[in-house]
Amino acid sequence: MPGGNILEVRNVVSGYVPTLPILNGVSLDVKVGEIVTLLGPNGAGKSTLIKAIAGILKVWSGTAHFLGRDLTKFETHDLVREGLGYVPQTENVFAKLSVEENLEIGCLVNRKEYPRQRERIFELFPDLARQRSLAAGKLSGGQRQMLAVGRALMANPKLLMLDEPSAGLSPKLAQVVFSQLLKVRDAGVTILMVEQNARAALQISDRGYILAEGREHLQGDAASLLDNPEVGELFLGAKSRLAKTGLGAKSHLAKTGPGKS
Amino acid sequence: MDFLSLLSFLTFFLIVASVYSVACLGLNMQWGFTGLFNVGVVGFFAIGAYASAILTGPDYPDTLLGGFGLPVIVGFAGAVIAAGLAGLLVGFVTLRLREDFLAISTFGIAISIQLVALNFSRLTRGPDGLYSLPKPFSGVSTSVLVDNLFYLAICAVSIGVVYWGLERMVRSPWGRVLRAIREDETAALALGKNVFRYRLQAFVVGCAVMGLSGALYANFVGFISPQDFIPIFTFQVFIMLIVGGSGNNLGAILGGVVVWALWSGSGALIAGILPPTIQTQAASVRIVLIGLGLVLMLLYRPAGILREKRIVSQEARLPDGVAGGRAAGPGD
Amino acid sequence: MMQFVLNGLVLASTIALGAVGLSMTYNILRFANFAHGEVIAIGAYFSLAVVTLIGAGVGSIGPIAFGWPLLVSLPISIFVTSMIILLVDALVFRQLRNKNATRITLIMAAFGLSLMGRSLITLFAGGDPKYYEFSIRKVFELFPGAKIGPDELAVMGIAASAFIGLYFYLSRTIMGKSMRAVAENPVLARINGIDTRQVIRWTWIIGTAFATVGGTFLGHIEQLRPEMGFDLLLLMFAALILGGAGNLYGTVLGAILVGLIDSMSVAIGLSAYRAAVVFMVIMLILLVRPQGLLGEKA
């Protein structure tokens, strides 16, 4: 169903500590075949949203549907079988397991396909093929990120969620990761990612959402977001550092006020 | 049962309960207020008991130390100091370890102390134990009841002094730091607090109080041997603290009395119900029941009878029994 | 000298068989299971029950004073003990996990279950020592001045093959790899579709199987007592800490060292204090290397 929604999030409220919600009723759609980027200041709830979708955090209220099925009814370990892949920001590989073992764990739900899938990933990330017996903890930062993505691709996800795939990488390596993500999308995987590296992320994205205070604050196609002066001021221009430290967030929130939505 | 025998039973019961309550107060300092899981309570209890026994006891023909015959109050002070010093030594080694390593190592220390009590007979007379320990005021009257009433008064004073001291400590800025460490060690570290030193201080204070409890026990029963110091004592004190309400000193005292009442009551009950032929199994049945009680308590009423007074601000804390955003656990 | 090394290695075999389960619960369920000693004892007593039911003694194989009845009893007692442990997990530990209980709460529950376990054994089997069979076992000189019985050698061989089997299980099978994954990062494991409940179940079963084998042969070489496992607990913990708690192979190495220290303390005339000596040595090592011998820095 090209063009249909693969993911529909409606008014989701969630958080880590009871009585202290981080998400305050966020809604978002991802269409089949898209790359969608989530932007926003620290504490806006970007990672929290992904964790809630992946079932790591409980959804307190609201709904999340994946291919028409209610995600909140599933256990985290069932989601990968449904076609939902997730790459956390940190600790996203099993450091004590070898590269191959990591990929095998990624293929747990589809074990017959393992040899074929493994070769596919090795083709996509030739670096990994060379290090196949090495413990994942000994890989470089970029290779580790590739392994994390490769591991998530082993189960043939329909939607891949990534939490800051370029975090901690040099701009050059980040570009490599982003171009690999384009390849992944072209292979038929829809992508939803959280990024701080707004410009580079939007450049490969179809659409973007800007989250603030646990709600969607702005949304639009990637080109229009890149041109939007507010976005430019907060994430792309000279003040992008402020946005990262949270100072930008404060001024931003002061400007829009809580009434907006 | 006539009034006098009821009174002597009650006195006896309350004295033993007081011994437990004092140990429970010591544990509350460590576990309740600082979050230090000491599985070696019985070891420090034993050190206090032996210290007081050696200081106040008669001259035994076969030991290196002894025959001091000092006043009981000196014995008590010696017990507090000896257990406190032992706590200092043990804490210095173990308090840098992870919380569950601390549990394992204090468990090991209690076993080591028991081995010393059992085998170092030049000090402890081994399995034969130390006997004829003096009980204060025991010459005042010929009645055991009067003796015991005097001893109960001593226990009450001890509980009062310990309670007063501990309450002052935990309400002081020092006590607030302890709870801050218990709730969030990293945050306390970030505030520039020397976490290890605070922990060590709390551990030593707790051990010293456990030592006093041991001394109260030794001079009451007048005879101690390694059999008095088995791991089940630690277990009992923990149940008392959990039942009473960890982090609450009144709860610790109350827990000592309530659980000791249940413990001795269940013993009498089982002895009454079971046919005489299997009376030997009564002890096992009782332990099974008490163990079951603890597990049920942990499952359904982890905060105890008296909850901790919320001295730390409400918002900063998670609901009872929640470990803190442990989304990482392998829950199911 | 060689004699004490041999004695130490025999002891190490039982410690290591027991410590495997301790190490696995420590790494996968994330708490120090103070009730693991009772798993060992219960396993040993169930073996006794089966051997008694069979009624053919313990048999013999060549010079070894145990044969098919004892070996047949093992899988049966492993099965029964595992079922009991899984029931206890469902009734107690799983409930506590669901409530996000702290590690210490889990330890306390284990402490309570440990006391209950010993008392239940005393209730059902009696408190006095039991034997699978009374027999005078042979001893021969393996090295000049160092004697060992064929039974002890067999037990060491069984322990060694069990560890080799475990190594292959953890490195070759998908469940073994899943266990290592859950031990390292439970959230990431669940994201990958690993059902942690299933992993926890197999963790208990394997730990119990090793404990039962260890307990049964400890009972065969020495005797069965309700406290047989509890008395071993400190030594098993010592092996766990010494090896670096996150490392199963370290635990086996730790067990060998603990066994050797134990028999050395007997050699230098401190037999009454052996548990304390082992423990003090471990504490000294931890002063220098808080993460254990093969452990990683936290």
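First chain written, first letter: the chains are A, B and C, and each begins at residue 1.
Heads up, the rule we're going with is that a contact is a pair of C-beta atoms (placed from the backbone, for glycine too) under 8 Å apart; a residue touches a chain by one contact, two chains touch by 3 or more.
In this text, all values refer to a predicted model and were calculated from it rather than measured experimentally.
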Q. Going by C-alpha centres, which chain is most central here?
A. C
Q: Would you mind checking which chain's C-alpha centre is most distant from the centre of chain C?
A: A
Q) With chain centres defined as C-alpha means, what is the inter-centre distance between chain A and chain B in Å? A) 53
**Q.** Chain centre separation (chain A, chain C; CA means) in Å
**A.** 44
Q. Taking each chain's centre as the mean of its CA atoms, how far is chain B from chain C in angstrom?
A. 31
**Q.** Of all residues in chain B, the ones touching two or more other chains
**A.** 327
Q. Can you list the residues of chain C that touch 2 or more other chains?
A. 185, 187, 189, 196
Q. Can you list the chain A residues in contact with two or more other chains?
A. 56
Q.
Quick check: in the complex, which residue numbers of chain A touch chain C?
A. 54, 56, 75-81, 86, 88, 91-97, 101, 104-106, 108-109, 111, 151, 155
(Q) Considering only the defined contacts, which chain C positions touch chain A in the complex? (A) 174, 177-178, 180-181, 184-185, 187-196
Q) What does chain C use to touch chain B in their complex? A) 26, 28-32, 34, 92, 94-105, 107-109, 111-113, 115-116, 118-120, 122-123, 182, 185-187, 189, 196-197, 199-200, 233-234, 237-238, 240-241, 245, 272-273, 275-276, 279-280, 282-283, 286-287, 290, 298
Q) Which residues of chain B touch chain C in the complex? A) 35, 37, 39, 93-94, 96-101, 103-105, 107-109, 111-112, 115-116, 118-119, 232, 235, 238, 242, 281, 283-285, 287-288, 290-292, 294-295, 298-299, 302, 321-323, 326-332
